Amino acid sequence: MIVVMKKDASAQEIAAVVERVKQDGYEPHLSEGNERTIIGLVGESPTPLREDNYSSMSGVDRAMRVSVPYKLTSREYHPHDTMVALNGSKAGASKVLVIAGPCSVESREQTIEIACAVKEAGATALRGGAYKPRTSPYSFQGHGEEGLKWLAEARERTGLPIVTEVMEPGLVEMVSEYADVLQVGARNMQNFPLLNAVGASQMTVLLKRGMAATMEDLLMSAEYILAQGDSKVMLCERGIRTFEKYTRNTFDINAIPVLKARTHLPVIADPSHAVGYSEFVTPIALAAIAAGADGLIIEVHPDPAHALSDGRQSLNYDGFKQMMAAVSQVAQAVGRSA
Amino acid sequence: MIVVMKKDASAQEIAAVVERVKQDGYEPHLSEGNERTIIGLVGESPTPLREDNYSSMSGVDRAMRVSVPYKLTSREYHPHDTMVALNGSKAGASKVLVIAGPCSVESREQTIEIACAVKEAGATALRGGAYKPRTSPYSFQGHGEEGLKWLAEARERTGLPIVTEVMEPGLVEMVSEYADVLQVGARNMQNFPLLNAVGASQMTVLLKRGMAATMEDLLMSAEYILAQGDSKVMLCERGIRTFEKYTRNTFDINAIPVLKARTHLPVIADPSHAVGYSEFVTPIALAAIAAGADGLIIEVHPDPAHALSDGRQSLNYDGFKQMMAAVSQVAQAVGRSA
Amino acid sequence: MIVVMKKDASAQEIAAVVERVKQDGYEPHLSEGNERTIIGLVGESPTPLREDNYSSMSGVDRAMRVSVPYKLTSREYHPHDTMVALNGSKAGASKVLVIAGPCSVESREQTIEIACAVKEAGATALRGGAYKPRTSPYSFQGHGEEGLKWLAEARERTGLPIVTEVMEPGLVEMVSEYADVLQVGARNMQNFPLLNAVGASQMTVLLKRGMAATMEDLLMSAEYILAQGDSKVMLCERGIRTFEKYTRNTFDINAIPVLKARTHLPVIADPSHAVGYSEFVTPIALAAIAAGADGLIIEVHPDPAHALSDGRQSLNYDGFKQMMAAVSQVAQAVGRSA
Amino acid sequence: MIVVMKKDASAQEIAAVVERVKQDGYEPHLSEGNERTIIGLVGESPTPLREDNYSSMSGVDRAMRVSVPYKLTSREYHPHDTMVALNGSKAGASKVLVIAGPCSVESREQTIEIACAVKEAGATALRGGAYKPRTSPYSFQGHGEEGLKWLAEARERTGLPIVTEVMEPGLVEMVSEYADVLQVGARNMQNFPLLNAVGASQMTVLLKRGMAATMEDLLMSAEYILAQGDSKVMLCERGIRTFEKYTRNTFDINAIPVLKARTHLPVIADPSHAVGYSEFVTPIALAAIAAGADGLIIEVHPDPAHALSDGRQSLNYDGFKQMMAAVSQVAQAVGRSA
């Protein structure tokens, strides 16, 4: 069982619940977020658990049993779709959102140019990496804060909100000054201090599934953020690592409907990383929408052959426009819009 | 380089090519199918390979270099889509084909009933297992030839062609007397004597990808069948084995467009096995069509809860009808029909 | 529960058990092997299952509950180690057995030469493929029955028993005329007609784990053979398929002690396929012995660089001798001999 | 090619090299560690690369081509084994090191007790987690700095150096005040800011392989640390994630000899996480030593059934003593000691 305290619950009220849990023979586990405290009851006891005993206590918002290990993230806890606001639209609503832009921001001019191009083609938000997680220390690591400034300038010009990756807790505050959505990358999906930090920031978060993460692992990582009182989380399927060699990753299309059934959070698909070759990005994007994805995140570059990173999987402007047209058709076929 | 002999090439003409290959310093590898002989040139030699030297020889149909290890199966060798005829339709053409029916045939009456139901809902062909590969020797192994007779009777009633699995070379002839399409199951994808036998039968073949098979492995297995002179082969993506536990397999949606780019053969999707739970079959079916699949193979059972095998992933009649309606919408959205 | 009938149980006695099962409300599943019949009780019933009710019936050898899905293969059913006789030694006993020889037999002379070399170095048996499962139809497929004759001749010269692969049920009888041990390869681990055929032959069997097979799958495949009354089965761990690219497969060393705990059958390791590069075969062989393997199967070739198959993973004679010396040391360190 | 600058190279000398790289038509990539700067030459140019042109420049320590993407970590760059000092012993030398202790430190008394127990049994160092990466936010997260103090006290009592995990860059300095070896966990193997921070600290580092990391990924992550001028790095194989369900992970035993061939760094094995069940830890530990591992890291707990984390895979004191005796035997069998 979990006991969710009210936002303004006092230390005394929390202590009273903790005391009651101990009296009932369970172990209280406190998760103290910025906004509210959640108390988990673990262990075994002869005393049967009754929600009423706790929900009636002062300062308690809700007490409930959740059969799955992720609690606040589950549909059991929160049956209705959570809508995450983005640029006047809502991830999780009928309209399919499209986040587009370069893998990494390379220059001020190019960033602005791409922003204008993807906006014209119908994108909802601009993606772009200023801090890049690279396998090799000798690869281009991103332009850092300067890159964030270019992104902010692109937002001023186009109105597109900015989705950009943050890689360490110490930079969450700074990156949040420029970004609208903090992206937690696949390699950091189980970087728990980072999850706590982005959750504490109360920013909107795009949480990417790790390469070897089960869907349950992904939901548990989202739980870290929700436990901080931040439920503006979009999950992102971006492909898992398998034995297949013709593609960069294996896009787990099953994850789209299965996650949607298990959690109330919106689910976004990243076909660019999932398949790794631009000529296959559109079919995979269409598949994701057909399977029920709430949005897409797509790498777009004016000249993919000369991109500083991930060029092989980036669409050029024409490719992106064509993808948007096709996405619109498929979205309508499944009762949505794009 | 490969040298494809004419169907009526004489033993002498074949011997002459073999001799020439040796003179040029390469090793000849003969693949003698029922219908034609293919000679592969392997090894290294100072003599450069020239197609003309061979294509001009008596009895030779075609000589060509193919850069990939699968030859007849590749788009390099055969750039245009191969259409596989099925019930007046063609797998690989604009219309999306749907093969539907029970995992295993359970009784004469039920088989006929299901055939009528899936036909009414728009299916192109009837699937049903009479020989079942089961992990446990104590599980139901199928009704064997009696089951095939029920399928044949269902075909008489409905006109639907029969797709059914054959598990051993010694039964290919008998199963072919009842079946229209021989299915080679995932566990037998690299059962090479079986591939040779189904190829030699010149029957239409549905070849399923193995659980740990790369796309290249699948194409190489198709090559065994094509090397026997049988190009009526449909490939089938049915999910691969990964670490994910919420689904039965991981459907490799990437394989749909990637295989279509690499081979001229039609590609079918099996959402039932790919996800393993009936409530997710339709979204995965829609995803497959959106990604470019030429058809679907779907498990349908009147009472999934009491099916002798795979009930958890079978659609009931209503579910199948709803899936067909949704498939039709998505097919149109990508410029096809269903 | 399973009911194992005596070898000489009459049809009437079997029918009586089946009748009793039905009366108790369960479904009887017959597994009729060459040597004995096993009746599995499946389904649910209000009547509690009692071993005594069945074990006291005429013609019944044993009735017992087994909690795991593999029954005859489990330690629950048969707690003591099964010893499989091989060349005067016993797989499963204290001495570590070594099966060595070429991937495929290439010529009469070479086969005899290798047999003499591996015997001198201490091998227990000779391996060699006459029927080769090859990914490509254009690769060397083995010398067939002629190759088996060479192996038989090598046995005459050296006294080493022959371990060789059989790939189809129709050839089990013929291959058994030459072989001492039938190998079922990784690609055929779930070729159930083949498992039934090798079980029915009552030959000694070396059953290799499939590339994507769980340990449970392997034990279930062994169950097919044991259900035919043939318990002379050696299991073989030869590496599974993963994302790792520096090696051919990933050797699942965990499988050695875990299988030994779950089954009474001997467990053999195949370091050659497991790692795929000759320079790493010895360390992996030593690891397998240290972990408790009952034997090794090793590819040896006089001139690996020119082998017709798998040269990259074959030891030459010197390498094999050095491996044997090292194996002997490690075997002693874990209380065994080699 | 990479150009390694001397430790005391001036900014001017570095700039000169950068200038030369540009003149030659390549792109210079600077990796500025705490101790030295490395300049990588990337891209293509008509000017052939010559080591001499760079190694003769002022401030340059060494210029060399390395064919693999990891440079300082490779045996090409540094052919001899790197020895990492630990408690008077050296990881990478003949003696096999054993790091042992609880998964997480649970109390002052228990920490000291375990330290005494593992020391008596022959351990080289004490492991123990104060900051625990847990899948669930509601699981025990470790005692933090208080736990580090208990570890430091245990070191005072026993002389055993402390190996403990650090999870975020901001805590590297604080953790380094208590720890002798900083552990980077599997989930953080590609937490690049953390790798940079531990490298900059110049501490000894135990770097664990990620669950979906290839060996190359692991070597590239080590490269981040070495690029900071810190070569006191031990690699740790702890099992990868596969489809197998009978064990917690799949221990990639192949990685032991393959890594040893590719890098000069010592390689440690973690059988506890690799197999996940205490009854199989010893066989896997022996396998690792037989395959050439330079050491082991083992979870030990006085009462595994009541451990706050990972109890199922922890050895008790008796189990650890027996493992140490067996390890000693196998170490000697492969020409080492323990």
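Order of writing sets the labels: A, B, C and D. Residues in every chain begin at 1.
Here, a contact is a pair of C-beta atoms (placed from the backbone, for glycine too) under 8 Å apart; a residue touches a chain by one contact, two chains touch by 3 or more.
It should be emphasised that the depicted structure is a prediction, and the values quoted were computed from it without experimental measurement.
J.: Compared with subunit A, which chain's mean CA position is the farthest off?
T.: Between subunit A and every other chain, the largest centroid distance is to C.
J.: Please compute the C-alpha centroid of subunit A, do the same for subunit C, then give the distance between them in whole Å.
T.: It comes to 48 Å between the two C-alpha centres.
J.: From the mean C-alpha coordinate of subunit A to that of subunit B, what's the distance rounded to whole Å?
T.: 38
J.: Provide the C-alpha centroid distance between subunit B and subunit C, rounded to the nearest whole angstrom.
T.: 31
J.: Could you tell me which residues belong to subunit B and also touch two or more other chains?
T.: In subunit B, 212, 240-243 touch at least two other chains.
J.: Thinking of each chain as a vertex joined to the chains it touches, would you call that graph a line, ring, star, complete, or other?
T.: complete
J.: Would you pull the subunit C residues touching subunit B in the complex into a rising list?
T.: Counting only subunit C, the residues touching subunit B are 2, 29, 31, 38, 40, 42, 69-71, 133-140, 167-170, 187-188, 190-194, 210-212, 217, 220, 223-224, 227, 240-241.
J.: Which residues of subunit A touch subunit B in the complex?
T.: 212, 214-216, 240, 242-247, 250-258, 261-262, 274-275, 279-280, 283-284, 286-292, 326, 329-330, 332-334
J.: Quick one: which bits of subunit C touch subunit A in the complex? Just the residue numbers, please.
T.: Its residues touching subunit A are 241-243.
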